[in-house]
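The structures come next, written out as structure tokens.
Two complexes follow with chain A in common, the first pairing it with chain B and the second with chain C.
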Partner chain A sequence: MTVYNLYIYNRAGTLIYYQEWSRKKPMTMSLEEESRLLYGMLFSLKSFSNRISPLDVQEGVQCYTTNKYKMTLFETPTSLKFVCNTDVNAPGVNEMLQKLYTQVYVEYVIRNPECKPAEPITSELFKAKLDETVRMSPAFSSKAA
Partner chain B sequence: MHRVLEDPEQYPISLKFGWPKLSTNEKIFLASMFYPLFAIASQLSPEPRSSGIQVLETASYQLHCFQTLTGVKFLAVVDPRQTGVEALLRRLHELYADFALKNPFYSLEMPIRCELFDTHVRSALESAEKLGVANV
Partner chain C sequence: MNRSVDPKKVNSELFTLTYGALVVQLLNDLESVEDVNKHLDRMGYNIGVRLVEDFIARSSADKCYDLRETADKLQAAFRMYLGISPSIANWAPAGDEFSLMIDTNPLTEFVELPDTCSNMRYSAILPGMVRGACEMVHLEVSFSVK
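Here is the complex of A and B:
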């Protein structure tokens, strides 16, 4: 039960943070290309989901599952997106992402006078805190095969 | 519609809420939109040899996708509490093989217009709804 990787996008769609813990498949394209592909897919997925939804409630995609991984999306009201790939059975990923937003992002990025809103996050303290929060969450136990 | 509600002679009225039925074009459009998303999900996987999207979850519905070995996809939009959708999709695949593919008048890739297929699909859906588990 592990977390594979995590992407954070700002409201313009640029990747402001990426971290990976375990990735079996080597990257077939550069990180920038992959992040743009993922963002484009999320955008299309959101609009597809709004069209096909049987009720009028427009809550947005929460997660999707394939046979090998599960992708969870947490979007804040300010259009900041946290995207996390975990294995299929990982519990509580949504809560983990919410915690990451409130306890790590808000504390160490928003309240950091040196972090500009649209730029990639370079703060070491943020990286350390994010890593710690992810490792402590129930979605991340010992690395499984 | 307000006039109908205010007029006491019309009571009792039964109101049924549902979403406006999608036109056939819209359905084709949405299905075509889903196809590349399914493929991209398999490409973006951090694990080797992942399939495409099997379950897409939101707060109000779940979309299940079953892809056969020939690339035909069966999509089902269900309530999040519904169980047994995988079995239902497999049952639909069986019905497709029986009533569409074995029908000599059916041409591949065209919309399926076969009454027997429709009846059997409807009864499979009803039994899935009643039991929560597809009764195959």
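Here is the complex of A and C:
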């Protein structure tokens, strides 16, 4: 049960933070290309699922699962997106992402006058706190699946 | 005298005095009242942009589906951050305009404007904040203080 990696996108769709904990397969393209590909896919998926929805009001896409991994998306009302790849059985990823938002992002990025909200996050404190929060969450354990 | 001090709370008088000092300093630096108004509005905008994320995080707010929900959330935010409870009134017939009535503005306690500054919108930081906050949640607003 483990968390593979995490992407954070701002409202313009630019990747402002990326971290990985374990990635067995090496990256087939540069981080920038991969992030744009991921964002484009999520945007299309969201738009598609909203249009095809048989019901009225809804939260939107939350996650998709393949036989090897699960990708969870958490989006705030300000269009900030947290995307996380975990193994298939990881519990509570959505809660973990919400916690990351309220306890780590808001505290260490929003309250930091040096960090401009739409730009890539370079704060070491944020990195440390994010790492700590992810490691403490139930979705993460030291045994890789 | 035993007073339990909550490190997150600040004395409201300190807040009022700080804001007053800020406006006075801006007046000294910029000299023109219009410039001060614009500056306050811009500062409010920057604050609002960040404050809205904090508000969403604290109140776990969801997307608002119409303006009435937005009005309620604004009311909750004023209560959370300034400790005042504005009332909502004067809904326009089209439902796209409303007024927030504030009884006692914590920013203007102890303040008297001299005649030279009659054009100044002292609380201009508040409309800026609301505008910044709403823009981050994709809602374009115009907000004015009367």
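To be clear about the criterion, the second predicted complex is superposed on the first by the 144 of 145 C-alpha atoms of A that agree within 3 Å, B and C clash if a C-alpha of one lies under 4 Å from a C-alpha of the other, contacts with A are read in each partner's own complex, and residues count from 1 in each chain.
The rule we apply is simple: contacts are C-beta pairs under 8 Å (C-beta built on N, C-alpha and C of every residue); 3 or more make two chains touch, one makes a residue touch a chain.
Keep in mind the model is a prediction, meaning the values are calculated, not measured.
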For this session: May I ask you to decide whether A:N67 touches chain B, chain C, both, or neither, giving the answer as first, second, both or neither?
Result: first
| query | If you stack the two complexes on chain A, which partner ends up touching A:I110: first (chain B), second (chain C), both, or neither? | reply | second
Between chain B (first) and chain C (second), which, if any, makes contact with A:Y101: first, second, both or neither? second
Counting residues of chain A touched by each of chain B and chain C, the higher count belongs to B
Partner chain in contact with A:P77 - chain B first, chain C second, else both or neither: second
Overlap of the chain B and chain C interfaces on chain A comprises residues 57
Listed in rising order, chain B residues that touch chain A in their complex are 18-19, 26, 30, 33-34, 36-37, 40-61, 63, 77
Note: in the complex, chain C contacts chain A through residues 49-50, 52-54, 56-58, 61-63, 65, 136-138
Contacts from chain A onto chain B in the complex sit at residues 4-5, 20, 22-25, 28, 34, 37-38, 41, 44-45, 48-49, 51-57, 59-69, 71, 85, 87
Chain A contacts chain C in the complex at 11, 57, 76-80, 101-102, 105-106, 110-111, 117
